[in-house]
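If you scroll down you'll find the structure; I have some questions about it.
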Amino acid sequence: MAALRVTVWNEGQHEKTNLTVQKVYPDGMHTVIANALREQGLEVRTATLDDTEHGLTQEVLDATDVLTWWGHMAHDKVSDAVVERVYQRVLNGMGLVVLHSGHFSKIFKKLMGTSCDLKWREANERERIWVVEPGHPIVQGLGDHFDIPHEEMYGEHFDIPAPDTLVFVSWFQGGEVFRSGACYHRGRGKVFYFRPGHETYPTYYQKEVQLVIGNGVRWAAPSGLAELSYGHRPNPLEPIT
Amino acid sequence: MAALRVTVWNEGQHEKTNLTVQKVYPDGMHTVIANALREQGLEVRTATLDDTEHGLTQEVLDATDVLTWWGHMAHDKVSDAVVERVYQRVLNGMGLVVLHSGHFSKIFKKLMGTSCDLKWREANERERIWVVEPGHPIVQGLGDHFDIPHEEMYGEHFDIPAPDTLVFVSWFQGGEVFRSGACYHRGRGKVFYFRPGHETYPTYYQKEVQLVIGNGVRWAAPSGLAELSYGHRPNPLEPIT
Amino acid sequence: MAALRVTVWNEGQHEKTNLTVQKVYPDGMHTVIANALREQGLEVRTATLDDTEHGLTQEVLDATDVLTWWGHMAHDKVSDAVVERVYQRVLNGMGLVVLHSGHFSKIFKKLMGTSCDLKWREANERERIWVVEPGHPIVQGLGDHFDIPHEEMYGEHFDIPAPDTLVFVSWFQGGEVFRSGACYHRGRGKVFYFRPGHETYPTYYQKEVQLVIGNGVRWAAPSGLAELSYGHRPNPLEPIT
Amino acid sequence: MAALRVTVWNEGQHEKTNLTVQKVYPDGMHTVIANALREQGLEVRTATLDDTEHGLTQEVLDATDVLTWWGHMAHDKVSDAVVERVYQRVLNGMGLVVLHSGHFSKIFKKLMGTSCDLKWREANERERIWVVEPGHPIVQGLGDHFDIPHEEMYGEHFDIPAPDTLVFVSWFQGGEVFRSGACYHRGRGKVFYFRPGHETYPTYYQKEVQLVIGNGVRWAAPSGLAELSYGHRPNPLEPIT
């Protein structure tokens, strides 16, 4: 079986302006995520906001089985044309793994149909991620929970449609909960939202987090119909009398 | 209990240009739907595309518990500002009942996050609507199926997210099936899509169809939290140590 | 509209043997729950394990719109015949609200098809219940969360089927989360599981808890098809050629 | 990757008593299904009702990744001990693919929690199976629908819980529809119900049907947590103050 082709997309702006982020991710978050996926045997390229067409040309997307998405401070700078291109690819089968603050990206909001709003707080608190669907491929290799020592808090209500499958729920030290792993079918594509990954913490170096992203990529890989057709069907399959 | 306040929205264009439609709905589809809902004790007003702001000013929407939507040939003529206004009201609790060719309306596509495409055929064929969730309030008063003698066919694949609750599946004489009654939560609002109602057939005069629309309106009526808040939460509910 | 007829069922054993429980619920938990529902305008009777046929004769069940269920130490003492009778009534439309340790009752396990197992701890800790489906009728009248000062902890993984609608998620001080409000359709009936209510705490006196149980009862009330038929259909509705 | 280990279970009674069935399946339905799965690279054994312990000893189940189940006239002859054994294995991760009249098997009813009743008719009619979740791995290799020339009709209402994922809906010539491909998580296990396969028709020789069963087996293969624990947790993960 040929390796899955993954494109790891990162806005890549915090890394250019914030010393804390630079220290944690000197080569950008995308590099750390990409390397982790390569170690899992996936074929990975990266792309960032500042690349031409954000690195997401039609050619790149056509050669991408699963796209991962991290964005935050520059959601509005992502061109609508690229968003539409990604959207069409998802409906046509490309997987999409949306990470952390990507909840507010144009592409995620467009695919969800809701505001995707939430509560948040930066207080160095502990996040504990609990598995609620223990037979799902995305949890393979985990125990029934794992901790992230320091993270930004995201709290309910998270304004998303009820997931097709809810995989994780997070507990936060400061008193909130969050649906932190959520799976969706959209057209022939699959979307996985995974919460962790604030830019000032070394979250994407953590083994469990890397495993979940890899599992998410494998789950979201194209797996359905080769094609679909819509529109006018003048000729009934059965006689109409 | 005060009566639910319903706004029945109709594009109202076919009625102006098509003799067949004029014959079936001389006062517009909205009039027939509105009267049916009034007979069920609801407080109903109507609005159409050609009204100022399509009849959907902020004042009207703020005084609307549930909006029903029929559109077809003029989806693109609905202003984006009005769509955004309706969208915000739905996320804030207003119910939305989308009828038939409303599947391609801007508001429905925005709330679904998918293309909402489907197969279709006009061949005067029989539609048989089967109940698949028999304890749902939307089926109250029905038998386990009912027939519409002549309808346009809509066939799968219907490109919607898997419904939170699938209530009806249609059988068509020409050989197709269709998920014809689908319920969704979006934000604090509820959305019910109901398939029947091609403009050249007297579908909205049929008692079962009127009952389902009324049941859908009652189900979609505001019923959740009075308000929600999002955003920064600097003060944890629990101590962080 | 006639008042909903509710039967509040309580095992009623802890109250007979445990001084702490007697102090909190001198007339039994069922009395407190029943009074709270009466104050909400419902027509309520109570029944307990020690009543003849556990107070759940066919006549009682036939006159019950919604049954609430609390049990714990004597699940095995509930007769299989009564369980089967309740089960048939649920499939035929009666609502069922299962409370707290009722997760391990015969009737809940039979309707879920899973072990319904979970983690637990008695440590006087705080439970914070978050709303995750803010448009659902069961949350009407609440804010976006509420606290129970002292409760038993229930933690994931909770071995239930993914709810048709997940309404609440609980946060616990000791580090766990729990899907604490879960809605299901079963046949023509509806089932609502609501977590709180350990026998040694005054949980059922708390206004929010009473409101949720009342909302759950109203949501679970019979609302679907009047009847259903199954089995042999020798005569096709359409010609087979 | 080691081949998935599949056990194809067949009641195997019709084949012993019915000449029509003997003609279609001279070596039993299980043989045809098993051979089809072997051609897809799976490691397959078969078991039948008349084998010792129905061929489903603990040893066999422990060495089974996915079990397929066909039963009809002898559901009641399946021992409760074997049903319990299969049930525990499913909750612990073994996949289960339930075929056709297996809808009334003890194991399926136990896992569903409902009556699993339906309408049926034997009239040699055409079944057309439509894909409604086009990105799901179970539909890989299909077109958007396929026909079975002659089948028994199964019609709604099908008394199952709403599937976690609804994959197929069937159209029947005589006027019914049916949710014919339904996916469920139960504990750490996965269950796929697939409708076709009446014993008097050569359905299990059809390529699309064989493909769907193979896809179903691959989807249902164990893929979640290695283990789960439940019960008393005396030591909180976080301090309780």
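Per-chain numbering from 1; labels A, B, C and D assigned in written order.
Here, a residue touches a chain if its C-beta (ideal position, glycine included) is under 8 Å from a C-beta of that chain, and two chains touch if they have at least 3 such contacts.
In this text, all values refer to a predicted model and were calculated from it rather than measured experimentally.
Centroid distances from subunit C, each centroid being the mean of CA atoms, peak for A.
Separation between the centroids of subunit C and subunit D, computed from CA atoms only, is 31 Å. Averaging C-alpha coordinates per chain places the centre of subunit B 36 Å away from that of subunit D.
Across the assembly, subunit A contributes 128, 131, 133-134, 144, 155, 157, 162, 164-165, 173, 175-176, 185-187, 228-229, 237-238 as residues in contact with two or more other chains. Under the stated contact rule, the graph of chain-to-chain touches is complete, every pair of chains being in contact.
On the side of subunit C, the complex with subunit D involves touching residues 91, 110-115, 117-121, 123-125, 153, 155, 157, 159, 161-162, 164, 173-176, 184-187, 228-234, 236-238, 240.
Residues 93, 126, 128, 131, 133-137, 139-144, 164-165, 173, 185-190, 222-226, 228-229, 237-238 of subunit A are the ones touching subunit D in the complex. The part of subunit B that touches subunit D in the complex is made up of residues 128, 130-134, 144-145, 155-158, 162, 165-166, 169-172, 175-177, 179.
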